[in-house]
Amino acid sequence: MDKSVFLEDLDAFAYREVLASGEAIVLIPVGSLEQHGPHLPLGTDTILSSHFAEGVARRLGGLVAQPIAYGYKSQQKSGGGNHLSGTTSLDGATLIGVARNLVKSFLNQGVRHVVFINGHFENYQFLYEGIDLALEDLGIKPGAEQSVLLLSYWDFVSEDTLRQVYPGGFPGWDIEHGGVLETSLMLHLEPARVAIDRLVDGPAAVLPRFDRLPVVPERTPATGCLSSAAGSSAARGGLLYGQVVEDLALDLASELVREPALAVVPG
Amino acid sequence: MDKSVFLEDLDAFAYREVLASGEAIVLIPVGSLEQHGPHLPLGTDTILSSHFAEGVARRLGGLVAQPIAYGYKSQQKSGGGNHLSGTTSLDGATLIGVARNLVKSFLNQGVRHVVFINGHFENYQFLYEGIDLALEDLGIKPGAEQSVLLLSYWDFVSEDTLRQVYPGGFPGWDIEHGGVLETSLMLHLEPARVAIDRLVDGPAAVLPRFDRLPVVPERTPATGCLSSAAGSSAARGGLLYGQVVEDLALDLASELVREPALAVVPG
Amino acid sequence: MDKSVFLEDLDAFAYREVLASGEAIVLIPVGSLEQHGPHLPLGTDTILSSHFAEGVARRLGGLVAQPIAYGYKSQQKSGGGNHLSGTTSLDGATLIGVARNLVKSFLNQGVRHVVFINGHFENYQFLYEGIDLALEDLGIKPGAEQSVLLLSYWDFVSEDTLRQVYPGGFPGWDIEHGGVLETSLMLHLEPARVAIDRLVDGPAAVLPRFDRLPVVPERTPATGCLSSAAGSSAARGGLLYGQVVEDLALDLASELVREPALAVVPG
Amino acid sequence: MDKSVFLEDLDAFAYREVLASGEAIVLIPVGSLEQHGPHLPLGTDTILSSHFAEGVARRLGGLVAQPIAYGYKSQQKSGGGNHLSGTTSLDGATLIGVARNLVKSFLNQGVRHVVFINGHFENYQFLYEGIDLALEDLGIKPGAEQSVLLLSYWDFVSEDTLRQVYPGGFPGWDIEHGGVLETSLMLHLEPARVAIDRLVDGPAAVLPRFDRLPVVPERTPATGCLSSAAGSSAARGGLLYGQVVEDLALDLASELVREPALAVVPG
Amino acid sequence: MDKSVFLEDLDAFAYREVLASGEAIVLIPVGSLEQHGPHLPLGTDTILSSHFAEGVARRLGGLVAQPIAYGYKSQQKSGGGNHLSGTTSLDGATLIGVARNLVKSFLNQGVRHVVFINGHFENYQFLYEGIDLALEDLGIKPGAEQSVLLLSYWDFVSEDTLRQVYPGGFPGWDIEHGGVLETSLMLHLEPARVAIDRLVDGPAAVLPRFDRLPVVPERTPATGCLSSAAGSSAARGGLLYGQVVEDLALDLASELVREPALAVVPG
Amino acid sequence: MDKSVFLEDLDAFAYREVLASGEAIVLIPVGSLEQHGPHLPLGTDTILSSHFAEGVARRLGGLVAQPIAYGYKSQQKSGGGNHLSGTTSLDGATLIGVARNLVKSFLNQGVRHVVFINGHFENYQFLYEGIDLALEDLGIKPGAEQSVLLLSYWDFVSEDTLRQVYPGGFPGWDIEHGGVLETSLMLHLEPARVAIDRLVDGPAAVLPRFDRLPVVPERTPATGCLSSAAGSSAARGGLLYGQVVEDLALDLASELVREPALAVVPG
């Protein structure tokens, strides 16, 4: 089991050998438990960010930590809203605390780089704050050997991929919740967990340019999805996954690996 | 002075008359004290959000509260980074606390709607969390009479305006820090506070698609601006300001005012 | 996939049907990422509590939520200590926050009973506090329909089982870290994740009756285990697992299920 | 604009020149948004502390930062109480957080001395705590080059001035809320913001020697003022302002400036 | 023991009889562990506030809870400073938390009035905040049956007493730390705990009108006292104690007791 | 008074002499204000832990600080529950804060070892967390001169003593609340504070192996005690107290004192 890329599978002594190299990279997937319409499971964001982390770890020679499986509150403009059953969230202080603790624990153990792979839009700023506070706690400043990276996987989708996945035009990241991107990725990576027959087509949600609280529930479509997943396919998911993992691994290798010969570990 | 739209100018008895109508709207500008290059003042974000709040308040019949003048930490991808002198920031918990307290105070007094007008990108999620926690504290749920709105003014710039302000193509909101938008608005609204002769032209910053902490300082251009302000003009600022205030006021009137005959108070 | 006992596999609409019964029970496994000697993986506590939760859920008709995969700091007297690489921990405030948020989210959605199945000794009091604060937030008082249960699975090991698993006498729960109980359970449930050839025999650790901080590192045995795992076997693990799941399911059924006819769902 | 004493007006490069001297002093006014009777505006405390900070900065060669415009909860014995509409307050943790963050930000940038000029009685201890925690965070101890000062402007009113301003005898600082001191200062500094015709005369409030919570609302006079402002005049305000600014500037110069030749910058 | 005025001496059933009357008053002394010069013990503030609480409880028919024996950080202007060994302090958040928890616990049990008797200057605002937050948690608003009072015992020293205790003129409360007031009270109440032969005479400290942090240690006199205790006597202590307890009991009786016939319980 | 083992009795100069030795040990008793049935006072836990601390301090040459007199919430399985009047508790964050502040204060003053003597089961983990955070704040790591110890006094009761105190068999620590151990100790140490005639005999409580919240109140016996105190005696209390103090003092001497010749100070 000591060949696993998953940290939970390693024993402490095998893990310490990795640390001893001084080059250990730990990737932490971050997702949510959130409604994703009638055709996708509640765990979609965690499942997807875990797959991206695994793909990158195999190419990069890193380790994948247990995911942060609960995320910040779903907002109506990006996830339909926190009032929808199935959506199970952490408040800001708690998510900040989780990120801060994990960064401190891993860097104190001697991990060289920690990389958060985010798969739930609303998490980003709270993860950033947790990282920043951890580095202040540890006294790590510009020029240090150790670092922490934070990214959302969709920021690595190329223009070219977008055109192929959305031949009719890309509707925008803000309403990509339970839409073609996530559905296609799930069809490619976890087809048994998609109930494609329950997919409901329909026009994209049109939400105001402001957030209003308390939410006006009827502004979220009945499906809970903000854009239609019609047009999703495993092939498009494969294209998305392959391109993003490739780009992510290249970017991280060039940023983090001292000898940037990209290691490719077969899945 | 009781005709002022600025809450700090009203005496308590004049303010209570507004509350007594049951329709009081309070707008809170949110900005930052942050480096904005050699040609714009540190207070740019607060100055601009205050002007937008004032413009909207005059049309809508609302009151402008004192701004939240310090914002969340500047991030390298959107503001150059928090390591740059002049940038003076609050951490996440504190900004959440400020928003939460103000919402609770105003709604407890009987204000019907509180509207946050944000002018600093990094603030948004922390303001959202503060609002959400305040409503939980107060037990305000969907269907309530009172509400809180949160928006960033640039989300109201129309496509048409963008084309006129950026005839060479819009470089993207992420690197609009000390660029054409903010500089033009300042030239229109506060020309004496702009040192246009100190403006430095140059290519837009190209930043990675991830956040890295601690930052690599040299990735921020020497000016601290992420895109060039060349091409800024008071005319473009006037266009931006006029269109955004108009759209904002229309949207808010239709969302918040029971009898949506838009009041227009001359500046 | 809607037959899964794992909440992350359900879609929101299938989950809402469960909620609509008014009898939904959600079990949350809680573990740690912690060194467990050279023969057990870092994820042992999370893996075991997840298996217990799954076993109980199948018999009880409940749902298993994503585990809390990182736990409170390992203490020298019960886990060897937080200074040992591989041990990756949350502080008290953060673990309290995670438990508090999950309880609030699930009970707000209409879950009738939330059950925390703990597998890491040090977590207990912080989970308790999180639950207590959540109920205060929600105003849930004695006599309410909804409730939260908290337990550690080892408290359900019977005297009879103990005698069979430890024929030479039970050394005490306090030093059962990486010992016969956990190793036998892993051999039964996840044999591929145990490196039984790396097991190191030796006398049990003798630790003072006080906690000392900072720890005296040499008081923890080199293996990181506090008692020997010699004598572990899959058969003993099977005995432990079967008896505990049976007793747990019976106790929870009698406590929580209105019509206590114990549902038995085949694994 | 780079001659401004207001930090928000400086651009980052002009500000960095000040920092480069190693002698930068930043003054932070702290006030409140609080009812001050029918004749004074809600912003009185912030307006006054800002004027004192400006006056001192001009003499001392310092910079004035954006004020902390919302203060700690008004207490019945010193401000009439937090239940009075118009009073918009921060709780203790938030005000502590604001002060802590500002001190850390400014000292990290290289400011040599930060001076809080308080204008709202209830703020003092929370500002003190924020400063103390910031210095602990930064590891700044007795003997350090950098320091933070905290003061309330009324502590610098001389006995002689008191006699002139209150020829009938000084009623005590505790009930000086919306009274002769604040009204006279406003008449001197911001006459357009005072509605002197709305001033209500009457006996001073007599409050118990304890705080009672929840408050007994009727113990606060209907005006919200704890002592009468009758006898206020711009002349008395000018006397107060002149004497306090002079003494404050002298004290701070002798405490903070290495070469204590008092710089006098014309307003 | 059930005749004791000390809550710690009552058993739960005797205490519940008091609660059942609906008129229970609990007094909580608040002090500090703080240097008080060479002649007074570190516990002076807690000892004195406990004696005042006991005296009042006997007259009023109340119960005295265990004191809050550690206080907020000593400030140089009122206690010499927190850098002096012997001074052992809580930060603001913790003291707020202690007060908030005690108020919630006692009011939830059915205590009608909680009274904090403060004996350490720096505590006041943090106690106030703890009380205010507790009442918000409990939803207790003006007009409620239950209340919380907060006072410092020295605010009940009459002008007449002051003249007798300080025939040479009262130096001011701000520098009354280890001076005539506290020493006389200790000589009256706890003579065995005073080392009057170690009393050091000398001029009163002259401290600036601002707080400076980090402190300039040499500004605190070597004794740690801010004014001389010369002139202290048991007789003056007796006068102070008797007058203050009398006035306090009268004020509280008239404020809190429904049938204000003052109960006098012999000591 | 400078011969007292109680820190509150020492003056600051006498205390500084102890610190100057470099070997100062401060013991902090931790208890609760909690119902202990009809025969024991609410302060039992604090009274007992204070006596143990005093006994150990006399033998060891240490100082006893003021107790932490309020503890964490009583849990039904170990103390009957927090819903029982008389039980007056702190939440987790506050108790963590108290411990953290005291450790920081004492270690900053130069105390070499701080020892928490716990007498209330539910406190333990929160004290541990407070200690751990304080050491992180101070940067104290393995190998340091200074340390903090944490223990519950009952963990030092020997098997032999148990047999003598419970000739009919020991019922288990979990239900020892208001039972033979506490009652016997009180009869030995504070007989005037025990109402032995109010003792109610009866079978031990049988509580589930899980915690349920909100509690089911009727599961706690009417007395509030979890096991009967019948069989308690001053003699058994004397045996318990003598053996535990002896063992505690020996263990601490060997752990903490450089020249482990056990000092025995006559009571």
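Letters A, B, C, D, E and F name the chains as they come in the text, with residue numbers starting at 1 for each one.
Methods note: a contact is a pair of C-beta atoms (placed from the backbone, for glycine too) under 8 Å apart; a residue touches a chain by one contact, two chains touch by 3 or more.
Here the structure is a predicted model, which means the values were calculated and not measured.
Common neighbours of chain C and chain D under the contact definition above are absent. The interface with the greater number of C-beta contacts, when D-E is set against A-C, is A-C.
Counting the residue numbers used at the interface between chain C and chain F, over half appear in both copies, so the two copies meet with largely the same residues. Computed centre separation for the pair chain B/chain D is 27 angstrom, with centres defined by C-alpha atoms. Taking each chain's centre as the mean of its C-alpha atoms, chain A lies 47 Å from chain F. Chain F has its Cα centroid 55 Å from the Cα centroid of chain B.
Looking at chain A, residues 91, 93 sit in touch with two or more other chains. If touching chains are joined by edges, the resulting network of the protein chains shown is one closed cycle, each chain touching exactly two neighbours.
Following neighbour contacts from chain E out to chain F and onward until the ring closes gives E, F, C, A, B, D. Across the complex, chain C is touched by residues 1-2, 6-13, 15-16, 19, 33, 35-43, 46-47, 65-67, 69-70, 84-91, 93-94, 97-98, 100-102, 105-106, 109-110, 192-193, 195, 198, 224 of chain A. Considering their complex, residues 72-73, 75, 82-83, 91-93, 96, 115, 122, 124-126, 128-129, 131-133, 135, 140-144, 147-151, 155-156, 208-217, 251, 255 of chain E touch chain D.
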